[in-house]
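In order of appearance the chains are A, B, C and D, and numbering begins at 1 in each one.
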Amino acid sequence: MRLPILIINMKVYPEVLGKRALELAKVAESVSRELGVSIAVAPPVTELRLVAENVEIPVYAQSGDPVEPGARTGHVPLEFIKETGASGVILNHSENRLLLNDLGWLVNRAKSLGLETLVCAPDPFTSAAAAALEPTAVAVEPPELIGTGKAVSRERPDVIVRTVELVKRVNPSIPVITGAGIESFDDVRKAVELGTQGVLVASAIVKAKDWRQKITELANALR
Amino acid sequence: MRLPILIINMKVYPEVLGKRALELAKVAESVSRELGVSIAVAPPVTELRLVAENVEIPVYAQSGDPVEPGARTGHVPLEFIKETGASGVILNHSENRLLLNDLGWLVNRAKSLGLETLVCAPDPFTSAAAAALEPTAVAVEPPELIGTGKAVSRERPDVIVRTVELVKRVNPSIPVITGAGIESFDDVRKAVELGTQGVLVASAIVKAKDWRQKITELANALR
Amino acid sequence: MRLPILIINMKVYPEVLGKRALELAKVAESVSRELGVSIAVAPPVTELRLVAENVEIPVYAQSGDPVEPGARTGHVPLEFIKETGASGVILNHSENRLLLNDLGWLVNRAKSLGLETLVCAPDPFTSAAAAALEPTAVAVEPPELIGTGKAVSRERPDVIVRTVELVKRVNPSIPVITGAGIESFDDVRKAVELGTQGVLVASAIVKAKDWRQKITELANALR
Amino acid sequence: MRLPILIINMKVYPEVLGKRALELAKVAESVSRELGVSIAVAPPVTELRLVAENVEIPVYAQSGDPVEPGARTGHVPLEFIKETGASGVILNHSENRLLLNDLGWLVNRAKSLGLETLVCAPDPFTSAAAAALEPTAVAVEPPELIGTGKAVSRERPDVIVRTVELVKRVNPSIPVITGAGIESFDDVRKAVELGTQGVLVASAIVKAKDWRQKITELANALR
């Protein structure tokens, strides 16, 4: 994970239904090249291969299941994610929470497969717990701000500061990413000033009228 | 769903990792054409689009999530399944069980989206419950026989007979499919003789040394 | 289950914390005797034994876990419910939903243990599915009306009528109970007129200023 | 939590069905007094009040639900546990695993209610994560050894040593308890020698022919 980073979680918004996910990824790739800023995208799992095969920026799965390849129906083992060409996986997003034990298993297995892990957590204490598992990075996202347009970096700077502090205490080498409500240049700047090394953004980009403009705005704040 | 049918659940066996899933689907398509027997395939979700775009036999998702498109991370709404070109979805497989209420919601929503539904159930009573939801078909699969090579049609013919009877009582228009342990021509024949209209097969095909030979053997029993 | 019946789900409202649950059960018992109306209570599981040992009206657990006695931590097998003296269990309440397969297992096991089962369902189709499992009774409760004071019998009489119709088609011997939003004499009357044989009530009673008065009002509508 | 401690998880073994749970608790209380060793018991939730009201040693719930008192059916909020007289709660036992986020919420809420928390974890990394949440204590229990009679302290001393090391790094004030397979005086001694401050035991005691003898044997190793 090249830091600082802008990670775009496409979720399963109707705006990225089907091949629109690839279009968004292409825009992100183009802005990343133009500005030299690290940008990653997390498309819907049904489009993971399509996107991973057609862009050169890092592609993340939005989740992964705590199972090995085998007699499992409807699950997504990390091996199948890896095989699409994706380079990492988001784990424990507040919309897709994981059992602590499964999370520990997944972070460990991802490491052995060479997949990066971005573990989300809702508050400073659980972020510290996530850091103890030694993922590639931790993203703190107070769930009550997700999708609101009220940036955590503006509304609850204390949450970010405290998260950075607790994570550093557990393991100073784990970077913290800021999520929830991020939608403007200033929100991203603030997130960086508070000690985090990137942002995780969904609705502000996916639902923007002009994808390129919005991605450029946010990426510029990371230059 | 054209009956009788052979439905191949690829699960996430290592044998179908990545593009091998498409190879298996291609073999199934070829046998289906050759013999004129209805065959459907259910590939891993990461390969759903790849398979659905490249074969003309019916393609089913192995599962679907009870959510609408929107702010959901890592889920698979039925709309995203439909968009890949798949024509149906397997629900409540014993390896991916669903809440009764979610199952009711999914069957109903699939219907409104024009997706077929194959609802699995472990025994006669839950099969009858599944039939009450009015899916396209019900598959009875005693979980203790799944993946064993001990065909339910040989080992527990009473389970199948009783399932057909209870499902018919609830709604005589819902076809019953036989699953669990099916691995030979005779197993399929027996399943049909007991009143079911097809078979759901996984390991016997996926792990066969010769996919074409095994699919041909089982499909021949449905002619 | 003596019909028609008023079933009081105490949930875990602060109003029934600790021994207050027994007080409410005592009031219900007293009204039941006075009016000769069948009333059952479902206290918090921490008070199940206390209540079951001290009242003579039927006592139901609010839920049960799909496990046998053994190496399970924090679960509530049906055997442990039975042992407290409770006579039944509510299953699949919309606040405690169950996997279809587990629900089938639980209804069956409860039967073999001599425990009654009240299976909740959110709509007509899932109610029919629940009926196919042959529980003691089915309670239809549209989740969007629970706790609102907008009685399903007034707001959505069509839901009740359709539920009674579909359940009857599946198994005419399974009684239907009306839940969600019931709070007055008229609501209960209406539920009975629409073909159901009792009501499942929570907040209207638990949060009433005068428990005796409210229980009397609702029970009177079942005379 | 007075350390070192012997914590008896009764699970829901048939041996502690109904009031037998109180009998076992009484024996534990008697041994605790006799030897002056700290012993706590975790009875089935249906007997939690009965036990908590009748013994003076610490009583723990086997689990708790991440909900506040209110419109919840079949759940066990921490407030209801506290009200029975219990003094703590076991969280995230491998037979009752919790979402990381819920675990964080529960540990925090328990603290504010004055309830102790024993958080279980299957391996060193998740134990460290659990410690980051600042519970009263962490119990490391490799799930593959639970109930086997193969004591983790004998079979996998490396797991314990590594857990103590990682937990200490995260927060040196959180004690570690050893669980899984403990069944003899030597197993307990070994657990203490490896740096842990007590043991969590289930089957070895519950299924012993002579409860008093077995509890005495294990408690003696903590003197």
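The definition used in the following text is that a contact is a pair of C-beta atoms (placed from the backbone, for glycine too) under 8 Å apart; a residue touches a chain by one contact, two chains touch by 3 or more.
Note that the structure is a prediction, hence the values are computed from the model and not measured.
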item	value
Reference interface A-D: repeating pair among C-D, B-C or A-B with over half of contacts shared	B-C
Centre-of-Cα separation between chain C and chain B, whole angstrom	36
Chain A and chain B, separation of their C-alpha mean positions in angstrom	34
Chain centre separation in whole Å, for chain C relative to chain A (CA means)	44
Multi-chain contact sites of chain C, meaning residues that touch two or more partners	none
Chain contact graph, described as a line, ring, star, complete graph or other shape	ring
Chains that touch, pairwise	A-B, A-D, B-C, C-D
Touching residues on chain A, where the partner in the complex is chain B	9, 11-14, 17-18, 42, 44-50, 61-63, 67, 69-77, 79-81, 83-84, 90, 93, 95-96, 146-147, 202-203
Touching residues on chain A, where the partner in the complex is chain D	92, 94, 97-104, 107-108, 121-123, 125-126, 128-134, 166, 169-170
